[in-house]
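Both complexes shown next keep subunit A, but they swap its partner, so subunit B is in the first and subunit C is in the second.
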Partner chain A sequence: MIGTNHSAATDGADADIAIVGAGPAGLACAAEAAALGLSSVLLDDNPRPGGQYLRHPAFATAPEDPLGADARRLASLLAVTALPQVSYRPGATVWDLPAPGVLAVAEGERSGRVRAHAIVLATGAYDRPAPFPGWTLPGVISAGAAQNLLKGMRILPGRRVVVAGNGPLLMLVAANLLACGVEVVAIAEAAPVSPRLWRALPLLLSQSDLLMQAARWRYAFWRAGVPFLQSWTIAHATGADRVDGAVLCPLNPDGTRDGARARSFACDSIIVGYGLLASVELLRLAKAALHWEPQRGGFVPVRDAAFRTTVPGVWAVGDGAGIGGARLAEAEGRIAAHAIATTRCHRGDQRRLSDLCARWGRIDQFRRGLEQLFAAPLPPHGPVGDETVICRCEEVTAGMLAAARDGGAESAVQVKAATRLGMGRCQGRNCLPSLSAMVAREQDASPGEVAWPMPRPPARMIPIGALLVESLPPPNLPADPHLPRKRAG
Partner chain B sequence: MPPPDPVPAETDVAVIGGGVVGLFAALFLQRAGRSVAVLERAAIWSDASGANAGTIAVQNKRHEVVPLTRLAIRLWPTLKAEYGIDTAYSRPGGLRVAASETGVARLRRDAEKQAGAGLEIEWLEGNRLRDCAPWLGPSVRAATLCPEDGQASPLVTGIALSAALRQRGVALCTHAGVHQIARNGAQFVLDTPRGPLRAGAILIAAGVWSADVAALLGARLPLAVDVNMLSATEPAPALLDRVVTHADGVLSLKQYGNGTCLIGGGWQGQGDVSTGTRALDYENLLHNMRAAVSVVPGLAQVQLLRSWAGFEAVAPDSLPLFGCLPGLGEAYIVAGARGAYSQGPALGAEVARLMLAGETELDLTAFAPGRFAA
Partner chain C sequence: MNASLHSSDAIVIGGGVVGGAIAYGLAKRGLSVTLLDEGDVAFRAARANFGLVWVHSKGPGFPAYQEWSQRSADLWGDFAAELTADSGVSPHHERRGGFHFTLGDEEFEARAQLLRRMHNQQPPGRYAARMVERSELERMLPNIRFGPRVSGASFSESDGQASPLHLLHGLMGACQARGVRLYGEHRASAITREPGGAFIVTAGPRRFAAPKLVLAAGNGNPPLAKMVGLEAPVRPQRGQVAVTERTERFFHHTGSGVRQLPEGTVILGSSEEEAGFDTSARSDVVGQIVHRNIQVMPDLARLRLVRFWAGLRVMTPDSFPVYNQSETHPGAFIATCHSGVTLAAAHANALAPQIIAGALSPEMAPFTARRFHVSKAA
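This part shows the complex of A and B:
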């Protein structure tokens, strides 16, 4: 049943499918597509495959390595990059979708356009920025960055660490730190997890092994004497040149900090993880319809049951289309491959597809269970202080944002123009979510109702040198540079 | 946050368009004691004035507009002291480069004409050119240096100018696009989605929408629409210390104090004025970057941060439409000049003079909007 002769993509296309991102979703999509006889180009801006979840060191690790448990899964998924139907291109930054079925790619001497019949965006997620006084001090590290250090380089982010935030990733980071011998001073989880456990249990049982794993983490915290403070959050970090402590406090039911019951903890590092945001930059550039789902990563694409977006020929899977974890991402990647095979050459495997959809349904149950468990007010939990930097690239403080609002900036777009917030190297990823939350609070609206500035290519910074290599037809230059130009397209 | 300015019932002058020309005209009209309301279809400074390259150059302009541009170059540095308007203006001098035989010929021809119009222009080639600008690439054969060329930040200027106008009591009415204009004796009655306005005089300075507004009065203006692309880099180490323009018209390049390089030159994107949508053109963007790197090779190592496209209204001869709309009473227009951002303060000051006293400092009769009437 499963095809072996992969359809050599014809009519000028480089492959049947172009996949952006070689994390669990992208790798699974490429694997399933290959099994269905479809060719794919797998583009990833990391030097090695696996994405954030399967991040692994370039060097060999010892068998007793505390983070080695993922190694088996790694081997099977990472093998996808060696399949003959898969053209795996690491170090390739996709920076725009300049036309239907076309990706603009910066990858050194190979930079240019990739054409495919279907595009699958599996772009993953990044840490939600959560400004608080002291969050820019050296020693304050995001949960994702701490995982990078641990999983990718085996570097400890600190010796005595406070972990604060919200969601399952926080427990995972804390457990990893403990396993690596780091002293975890305290964990502040914004949600009241334990009292909700019984209600969420029926959903969580659908992935009982993950539930067991979480139970083992909680046991490890208990054994190590780590306070697991629920409905608590971080108030501020202390320290002159770098972090020397964290002040944690309980959350009031209205989502503000209860400063009267604050507790201080000495530490040399603070890991902060208030959930993840879906990387939807390419979807914004493609003008895909997005909707606001704060628990799933902010703005996420509108998708059908096969994970098609509203842009013809563009699919979105995995955390980049709504946070759901690695298992869900993998299932989505595979289902999308089947949907593409069906549209492309009526070559699907109905039984396999219905199995996959059933698996997806079970994992999604678990995801909904986690969502119930970890629902919590979004940061910031109260005023962040006028001196606190919101946009790190352009060094814009909360006070400067307030001044711009008082000065007549009506919208997030105008605040950006007035302050240069979001115009630096991170292209707004680490500050626009905070700005939109602040504007929403002032207008008593949902952040989903706050219009973001127009997305502008490139989706990620690219060296101008990467735009010099593709061979192009000669330009259409004006005969007289002063007269009106003849437009492209 | 203050609420947006309401549309007043009556005003001396209604300025249609909240861009560089309209706002400077409003500034000078207000200073002469007139009440002014600016009617802007979207947000203030949101179209060409906010999306342009901020080049304040004279030597890349047609010789017919050299006097007007020089008047503007006299005004730009005074705005801070006289009106408290920060523009981030600086005058590092400009190099207009040529890389081809035809480019060199054009450069020479233009330099002669501009010198004839009173401009100080220095011809540079060979060692003198490399000494003056060692950062230029080998493709550059010759350049002219004009000490009057400079740059301003459209971003900074727009914010400061709006604030100055608000402070002076000029109503900046956003989301108030004019969709009907009736004449009631000598008065104009303008309909906007935010209420009607009676005005003694009107100034159309609505960029690419100017022709649509003029059509409400039955006037036909032959404005073409360019969709110019622009790109900004990450803050980079010092790469160039002059404003660069190109004799083949394919490049404008400058570096701001924070290190950001702005790369433009009129490479065309795609866009549709009726829907307001505009997009980059992939190949033209690459051509634009290649033109930039061939002139300043150091740019190849710099990261591109963002690219965008903005509309520009251009008359068939690229010269401004400036003056009274014939037969329509106190209705004026300023639109259609290529690179009008440079001339913004001068166009604003001159049209204010025209509206107030019926005369201008410079002879601008050649730019009469009726010149295309067959």
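This part shows the complex of A and C:
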């Protein structure tokens, strides 16, 4: 195989690499793999490539905006989808890893299996759910959703907005809203950012352009007179059928709200962003070892230096393996491609690999700086109120969860069984993190110690018909499962 | 280590729907009951149960089981009401009749033959199921468009459905309301007998004593049974079930392979696989389940699949339940079956009184595990 320029995929596999997710990590992995002569299948459930970060043309800010430039550079990655070595399949939902090297894919007529020698999961992240009284009112929007509205559809979430949460994405959203002429009434950031800045500075200097950008945001908030409340959080949203105000509170050092010093702000929209969670549904189904890193997106996969997970043949890169941002995601995608080329046909480029690893190290330094800066207690910050819905799909309230726990359901697994929480269309992505945080608080444990219910396929809802196109053995189901059976064996 | 002995009138081992129903039945009649459960590591069959209260094809060649299922189905309405009153949790019981749909003439004819056989092994007027031809089926279920191969169905008004999860949750709540002491994370590891006659069960860090003992630990029963001179000839049998997103209620009856929950989700089932204790769900098997059901109701194909999963049935060699009292250790009982939902009402209100009386009734004699010795000899 060494020295050929052709795809190394043989023996019935669809490609050398199957990549799940066409955001920065997945696109970079496909690009690097193509340069190394490896073929890839790039599966993405969106109709267009780019993931959340490169959703449509990047939001138009000032022309000298370095983030805009970064986005433009990464946007060149979109061309990867046209390479002959890359089979790009948009609108494809990967819903299970039924066997080693095999992905179950739902994509209309082409539903079925994709086989590859290596699987790279670049599944990205989603907004961490942060329930508080009023969080389901119309007008309360997650930070990620607000970004999508702005970038993808050029829609403003409101005219007067309160921004509450934790982490760098929050500042980005607030700055974007401000640049669009939205009145930002207040920003509540859960971490005490400013006093930590000097200690984190040496790490943050490794990506000085991003640091400068953050400084410009802060200057813009100051000039516009936006209160930037640090160690503050949202207590509740007010309004009858839609949001008309937000009540913000300082955070006590133990992670609870200081209700005595609450302040109310009138607004028509609240943007809430308490960080992102890594999409690890496929990794859970594959029984990959996960560990708890709240600052990096909750449960994230255990990985080696080349981003291999504990499941043979499965790599995980980008925010879906631990929140690190687009730049880190790109580097990880490329490094994984090299590792796969090396194991697959000893075709790695050692020099290029060490350059990439050095680059990854610098970006990771910056990431660690941000982590120091933004470390904060996880939501919910105190009681959420009995009427507050925790599981939106099955309409399970905090009061129902408390009743189940009073009734003897102790673990998250038992509460799920007692209330149907997590059994709806989102598969628990938007409620199990809250439940595990609540159970952890009651047991005085870390959410990392709370066992989640067994993951069930499909990782995403799929049309029933997608199962019918699989090549199936002739049916051997019982005609009637209630009839007596013959003895086994 | 807590060496003190926790005493009660009865110990039930197994906190699933079988153990829960028996413990509830005992406590309701005034016994002090201890319910031991191993916790989340259990192969909780109730969590993967399809949720039928099903009579009409149960027990061909075993009239006692046919009668026992019918009796439980008849007791279910009152049982659901008292469970709701005691726990505040409704098991969502509905009894509107159940269909088993047939594809093609051959299946229809085979089903008709089965019904004749079932009919003949019951006293006249007792067996209620009948065959329904396609034209009548379409009149009975005007909301449903049937596939071209559907030839008809067997139908019985005896059949209904309940929510296994709500049943389990309600049983635990009702047990507590009736004073049952529930010990989760307490896996029973040893059973001995005091000279005075009480059973001593070691579970987790504690020891429990009671003159009556009920083994209802499903696939966990075999090692426990040996300790008290009982037999538990059971093996796990995997069954898989798929559930769709919610949709408007179109199916108010119930079906042997498809039912709709009151809140709108549709459950499709189910398979029978000999896979040991492996509970992994397999898309090829679920594909077959879906295939069969879409042939019956083609419009199901428009729904999206939210989840599928596998559970383990507790299966005896002939698939029928086992109920026994130990001959060497009187006071020790075993109850095991794969129809914990259907039989919950009978377990609480027909079996529990027999356990209190200290003897199983003569009509329970066919359920003895000794029947397997006979077949071996033959």
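In this text, the second predicted complex is superposed on the first by the 446 of 489 C-alpha atoms of A that agree within 3 Å, B and C clash if a C-alpha of one lies under 4 Å from a C-alpha of the other, contacts with A are read in each partner's own complex, and residues count from 1 in each chain.
What we mean here is this: contacts are C-beta pairs under 8 Å (C-beta built on N, C-alpha and C of every residue); 3 or more make two chains touch, one makes a residue touch a chain.
Quantities reported herein were computed from a predicted structural model and do not represent experimental measurements.
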Inset, instruction - Quick one: classify A:R405 as touching subunit B (first), subunit C (second), both or neither. - result: first
Inset, instruction - Look at A:H346 in the shared chain and tell me whether it touches subunit B only, subunit C only, both, or neither; answer first, second, both or neither. - result: neither
Inset, instruction - Quick one: classify A:P98 as touching subunit B (first), subunit C (second), both or neither. - result: both
Inset, instruction - Would you sort A:E442 into first (subunit B), second (subunit C), both or neither based on which partner it touches? - result: first
Legend entry - Touched partner set for A:I464, first subunit B, second subunit C, both or neither: both
Inset, instruction - Using the touch definition from the top, say if A:A451 reaches subunit B (first), subunit C (second), both or neither. - result: second
Inset, instruction - Would you please give the residues of subunit A that touch subunit B in one complex and also touch subunit C in the other complex? - result: 96, 98, 104, 407-411, 413-414, 417-418, 420, 423-425, 427, 454, 456-458, 461-465, 467-468, 470, 472-473, 475, 477-478, 480-485, 487-489
Inset, instruction - State the interface residues of subunit C toward subunit A in the complex, per the touch definition above. - result: 39-40, 44, 47, 50, 52, 54, 57-62, 87, 89, 100, 107, 110, 114, 165, 168-169, 172-173, 176, 182, 184, 235, 237, 239, 242-246, 256-257, 269-272, 274, 281-284, 286-292, 294, 300-309, 315, 317-320, 339
Legend entry - Residues of subunit B defined as touching subunit A within the complex: 1-2, 4, 43, 45, 50, 62, 155, 158-159, 162-163, 166, 174, 224, 226-228, 232-235, 246-250, 266, 268-271, 280-287, 289-290, 292-293, 299-308, 314, 316-318, 338
Legend entry - subunit A residues touching subunit B - in the complex, by the definition given at the top: 96, 98-99, 102, 104, 113, 405-411, 413-414, 417-418, 420, 423-425, 427, 442, 454, 456-458, 461-465, 467-468, 470, 472-473, 475, 477-478, 480-489
Legend entry - Contact footprint of subunit C on subunit A as seen in their complex: 96, 98, 104, 404, 407-411, 413-414, 417-418, 420, 423-425, 427, 451, 454, 456-458, 461-468, 470, 472-473, 475-485, 487-489
